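Following this line, the structures themselves.
The same chain A turns up in both complexes below, where it pairs with chain B and then with chain C.
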Partner chain A sequence: MAWLNDEGQWIILMGFIISVGIFFLALLVNQSILVGQTTAEAVLDFPKSDIQDLRNEVWVIYSRYNNTPSEQDKVIRDIEVISLIKKNAVVNITPGMWRVHYFNGITNYTEVIYDANNTFFYFYY
Partner chain B sequence: MVNTEGQLYTIEGIAASVLVMTTIYLVLSTTTILTPGETHVYDMQLEQLGNDILAVMDLNQTWVDNGYGYAKSPLQCYIEKDDGPGFGHRFLTLGKQTIGEENVAEINFIAIVTYRSGANINTYIFNSTRDYSRERAVKVTRWVNVNDNHSNSHLDNRNQTVLLEVLLWRG
Partner chain C sequence: MSGDMSIRNLKLKNTSAVSETIGYVIIFGIMMSGIALVTLFGYPALLNQQQEANIRNMERNMIVLQSDVNALVYKSVPYKETTMQVSGGVLSVESPHDDKSLSIQVDGADVLNIPATANRFQFGSLSFKSDQGLPIISLFNGAVVKRDIGGSVMLSEPRWFFDDPTKTLVITLIQIDSPPNLVKSGICTIQMEIEPLAIDIAGTNTIIENYAPGVKTVYINYRDVQSDYFRAFENYFESKPYMEKEGADWKINNVQKLVIKAYKITVLGL
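Take a look at the complex of A and B:
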């Protein structure tokens, strides 16, 4: 058995404490970089632009075809069918009440854009 | 010959080497993991840029009624006239407006128009800069309402809404 020198034990102990501290700091740095990735992925997954565009298009349909219901129905059918095939999203537009429903399996969104029978709430536009 | 002296020194040496290797691994991994996190942020910015361009192109340039009861947006005019090259030129011009780097950015796209004809959904390529070969791309879309009095040979002669999809990538 080799003879052990028992001097400098405090120095060794401090060395251990500091190394453990650096180890945990490195773990924190490692995790913090992933935060930007998950945030960007969440933003990319959420169909913000799809919903904004759909609202805008419903306003366009309302302003152009409000007096011709037969044209209205055809254009709404265009949006509903193309959404289902190209965007994997169920879209339902109810004219008159102008209720918009959007569902792509994750995000579920419903809004009454303009209720023609109850215009009281829309004076501030 | 093998002797039994210095066993604790040997164990201490092995423990120290494990500690050093673990530290080196941690330090190296913290620097290399920067890259995958960044690319998603660039995708997000490119998608926002594309959506903003389409929104700008879908704004009416005038309030003057040109005989349809409403003013048309440039986007609607491009699709009604089936003017793919005109659309592509305008799209790229708007996409390369970064201050100090006008018309320098390498942005490529493929634009596709999807329309309904009876019970069928059809698609045709509106305009493109070059073929897509699996670069990191994002997709932006815009609904465009088209008047029945259009000159686009692909579409039916009726008032309708078509979907414009633009696949967008840098490089």
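Take a look at the complex of A and C:
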């Protein structure tokens, strides 16, 4: 104890600071895995293209089978059954009013695409 | 610090009662009691913490597996594989059994047609059992459930739903099975394969019953003999506004269209 040399104290101090820093970085890395995964899953789970395809298909039905209601009903029924079996989603298309309803247990979407009885014109396409 | 003010230049006035031995004994005593405290209380607490971290980790892993199962069932993916670290317990596949089964009835008649099991759908599960026996975390019918002392809780719900505007009830039944009985700990690669499970007379996996323009009441009977996940499912059914309890059954009123789909997920390896 004859000689107290305090020249090297900063080395120990730096050691402390760096270790605390690494500890917090490790916490962040640990969290980021979970956050990244849940976000990616939420994005993947959202049936964006399913709904877009459905809206597009409704326009096709409207323009192609507007004069043959029986054909129209058959196509609509096919779409409803296929989406139920393939995508596990309840789809309901109401002709005339052209209301589209989509529900897969998580995402619930309802829209009046083109109301033939309403004079207001819809500029969707 | 240098020069006249440094410690080595300070003169102590009286040092006659200062003993190096006593100082050493005091410092040594403090050190030893510190070590003893850490060994007695710190180490068990650390182990406990580690076990809890293992279980939390496994809860997360099971939710990852659930999204794998969702991809298989709802996105027409034929095969999925996930690697994960299982510690603090074992991962195993429980074969489908009548103890945990479900029946669906309309007008007093079974909707499901599975002659081998008396028209009851048997679930089977992928379970993580902790080293202490409990808790058990399971992937069960597309839900993640946790069994602990005194009851069970649902960590993530299955994707059953009722669509109000069209009065459509959609039920997905997911069975988990494996060819040999699989048990593993450590690094596991869970390989899962999907195939449709026949539930109607025609041998297909989809039942679509259309009662339009009328409506019917659907009765669901969930049996769990060991009461492992009973509370979790009771709470899940209870939380749904369209479900109502009647005796041992849960009933859903005003169903115009009933859709039931069944899949079998085979765990090929762990």
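In this section, the second predicted complex is superposed on the first by the 99 of 125 C-alpha atoms of A that agree within 3 Å, B and C clash if a C-alpha of one lies under 4 Å from a C-alpha of the other, contacts with A are read in each partner's own complex, and residues count from 1 in each chain.
Heads up, the rule we're going with is that a residue touches a chain if its C-beta (ideal position, glycine included) is under 8 Å from a C-beta of that chain, and two chains touch if they have at least 3 such contacts.
Note that the coordinates shown come from a computational prediction; the quantities given were computed from them, not determined experimentally.
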Classify the contacts of A:V81 with the two partner chains as first (chain B alone), second (chain C alone), both, or neither.
both
In the superposed arrangement, does A:E71 touch chain B (first), chain C (second), both or neither?
first
Which chain, chain B or chain C, is in touch with more residues of chain A?
B
Identify the partner contact of A:F103: answer first if only chain B is touched, second if only chain C is, both if each is, neither if none is.
second
State whether A:E41 touches chain B only (first), chain C only (second), both chains, or neither.
both
Looking at A:D50 after the superposition, I want to know if it touches chain B, chain C, both of them or none. Which is it: first, second, both, neither?
first
On the A-aligned overlay, A:I22 touches which partner chain: chain B = first, chain C = second, or both, or neither?
first
Once the shared chain is lined up, is A:I11 touching chain B (first), chain C (second), both, or neither of them?
neither
Considering each complex separately, which residues of chain A are in contact with chain B in the first and with chain C in the second?
2, 4, 34, 37, 41, 81, 85-87
Note which residues of chain A are touching chain C in the complex, please.
2-4, 6, 34, 37, 41, 45, 81, 84-88, 90, 92, 101, 103-106, 110
Residues of chain C touching chain A in the complex:
1, 6-8, 60, 64, 67, 70, 73-74, 76, 159-161, 163, 165-166, 168, 170, 172, 206, 208, 259, 261
Of all residues in chain B, those that touch chain A in their complex
4-9, 19, 22-23, 26-27, 29-30, 33-34, 36-38, 40-41, 43-44, 47, 51, 58, 69-70, 114-116, 121, 138, 140-143, 145, 158-163, 165
Enumerate the contact residues on chain A facing chain B in the complex.
1-2, 4, 19, 22-23, 26-27, 29-30, 33-34, 36-37, 40-41, 43-44, 49-50, 53-54, 56-57, 60-61, 63-65, 71, 74-75, 77-79, 81-82, 85-87
